[in-house]
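The structure appears right after this line, and notes come after that.
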């Protein structure tokens, strides 16, 4: 190794290190580049399509659109959804199939969106809630239809 | 004028008037000891906080900001956590050495505080071989690391300790040689003499090229001796999980942690004393007005300002550079730093003999 | 176990790197035989995250099994889904609309950039520099935000389905992607200054983990790992799928055979992906995003094999069908599995620090290896 | 080489091989005993030069196992699929990990998941499963009452 090469090596090495230090120095002095957020205080608005959990939409009259066709149950890869049906008497005196319980196991759900796609009446949708932690696993099993709710008029 | 030196002197006078000389000396020992320990604690808290903030800003983060205003008391909270944590001793470890190692680390760091001149006339022990004392005691630290690595009965710890041993022993050479360059220029090992010799200008500026080279080498060697990135091979968390302190937890880990930060403070203080004039204000030749203004800033501020500047520099290195490999580390020392610093010493000697420095 | 110990010479040390270790990026166990700091043998022990995805898929329908593959190589979940969807489409002979093709390619390339960004940060962190990790996450977050808008998820997408894609693009998609391209072009050069040019980085990676071209082929390496050894193996060029044959991009090949050339391949690939996105972003054809498919998919009897280029290499999907709604046997030929097998060969004679650099440039994703 | 040319060439090398129709690649079946020498020829014969073994897999047909090798040539860019029927009770075939080194890992994986014994394999320990694991999980008759979830 010649002496010139030796000095050149040192020069290049020091130069590359100083360039690196310039970069970190830039971020040290430019605080506007900071991108982190104070999480619980500042919450980011999540995207509209963000898949947090499955919800059954109810309107103001406490009516939903689920006919109990179990398309979502069949589409689900993990057995997350269980639909318990019952037979209701319509005013005309006919028996009609309706949901008794829409059981949703959040602990099994992988948010794959296949149930939403499968639903023929757009009864279920994905909600943006993401803070699901609870102390007991049993709390993650939810019944999605609200008590006393019934199917919307005209949805078959 | 109000200064730390004056306060210390008046306390000394008052103690000697009130008590017998032996008792006064004893009380002074106690006072100095307490101050050293509290300085330790404060330094630990401040430096850890500083490191976390510096790293955060370099990494486009905010850093600790929850405990106290701007997260000031984060390190307090951490310390309390560490104090309350159980200190585990692994089975199969050498219990005596395992418990002794962090104590040695902290004691060697503490002893190093003695010759440092914190302000004008404010020093624990102005011994005539101050610099030699520092380099001698700082070598003791490596024993604690070797002890910790060996006694943990863990292969990661052992590897970390062995790396650290090789590293500190080699880098001691170039650190010593770069210090020697300044010693040659000053002509004394005494800290007060070194500081006094810089009244007309700091060695970094008036020592020509040798002082500059010595300064760069000293900073590199200091980083290596304190096991800081890019020379943190003893810890190297991506390779050896935590290196020599893998098995340590609770307060014993905290002692290592504290010793690391105090060591950084000490090497930076030495660097500031040797190259940046210690507590000496910034003076420019014949500009008497300017020099006078500079004199108004307390000497302790000058000292801590310079030291913290160097500490920031070392932190900047850590958050910018990747780690070296073990053979590259030794190559850097034996192929580059040592020959350069030897040549540099020769140059410094020539300048000192010819009297070319200011 | 006894023979294993006796096969080791006196004075050698066996250490377990992993399953919990900072540089394995997951649960991979490497049993390393060391002589001092020098590595004599590396023996990977896998399976800590083995979920037997292949067995699981045997009981899932052709629509359902795709979501599982997002969990294999979670950093390029789009491309995994893509490979599976392609295989099903090949079996069913579904022709998908042009718009879906373009969307798929766009998503693939965004995923590739996101994956390489994360790799880049993690690689730097393995070598001991922390700052690049945080910097790289900034761009990656921009991509995940774009993904979140359109696909609804940040990591495990399940967006590409047999017949096209699951949903229409978000109205802001083009705007956000263009903003990302601008940001990437701005920052990537800075990062090259910070990392690529750095003398310590270079010396840590040059002549480390040398894998010759013949060995790379023999060990079945694919992706950037093999291209760093001069093998041209980019599936997008060799066996183009979707619209890759109509796009202008270069297959990045470096001939250095060491960790640094693998590093360079990945860095340059990001620029290539950006140029693909630039070509497509303004030319997304109008039309359906999904072809009309039957509600229940049944593959005809036979065997189907498709391959796609993920961020880590060639992903092969091999479906054996018996004509039912579920696959009879499905095999995922994951790139990481083959790439990992070369580690022992590469690591011999290196230092422990080198092992970290090698694992970094192999870009191991453990679920991809274990499946 | 086109698929037709490949077929002619391969028949010359191994007259006993049977070809399957369909698929994009040439599919051929060989007897397990003939596999190893045939594999060496595939690797070394000039016009073929199959140097890249990209997939080794096994299929359980309930009556027998089929081991499937996907080979390609990085020089000529042609691919073939070689299959071999194995007896379910005593599945044995010669290893090819000295020809294609990637086979070492792939064979270990198939060995533990399907119970194929690869003869002369240097290190046929379990790779993915725990050392004390009983049974071959990817066989069709494998039942694990604890960990398997039936839908």
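Just so it is clear, A, B, C and D label the chains in written order, and each chain counts residues from 1 on its own.
Going forward, a contact is a pair of C-beta atoms (placed from the backbone, for glycine too) under 8 Å apart; a residue touches a chain by one contact, two chains touch by 3 or more.
Since we're looking at a predicted model, the values are computed, not measured.
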item: Winner on C-beta contact pairs when C-D is weighed against A-B; value: C-D
item: Remotest chain, subunit A as reference, centres from CA atoms; value: B
item: Cα-centroid distance, subunit C relative to subunit D, in whole angstrom; value: 25
item: Distance from the mean Cα position of subunit D to that of subunit A, given in whole angstrom; value: 41
item: Distance from subunit D to subunit B - Cα centre to Cα centre, in angstrom; value: 63
item: Where subunit A and subunit B are represented by their mean Cα positions, the distance between them in whole Å; value: 51
item: Interface hub residues of subunit D, defined as touching at least two other chains; value: 151
item: Shared interface positions of subunit C, touching two or more other chains; value: 60, 131, 135, 138, 194, 198, 200
item: Per-residue overlap in subunit A, given as positions that touch at least 2 other chains; value: 17, 20, 23-24, 27, 35, 77
item: Touch list for subunit C against partner subunit A, complex; value: 60, 63-65, 67-68, 131, 135, 138, 141, 145, 148-153, 156, 158, 161, 166-167, 170, 190, 193-195, 197-200
item: Residue numbers on subunit A that touch subunit C, as the complex places them; value: 12-13, 16-17, 19-20, 22-24, 27, 35, 46-51, 75-77, 110-114, 117, 126
item: Subunit C-facing residues of subunit D, complex; value: 22-25, 27, 51-55, 57, 59-60, 68, 70, 74, 77, 81, 100-102, 104-106, 109, 126-130, 137-138, 150-151
item: Interface residues, subunit B side, partner subunit A - complex; value: 54, 57-62, 65, 316-317, 319-321, 336
item: Residues of subunit C that touch subunit B when the two form their complex; value: 13, 15, 21-23, 37, 124-131, 133-135, 138, 194, 198, 200-201, 203-204, 351-356
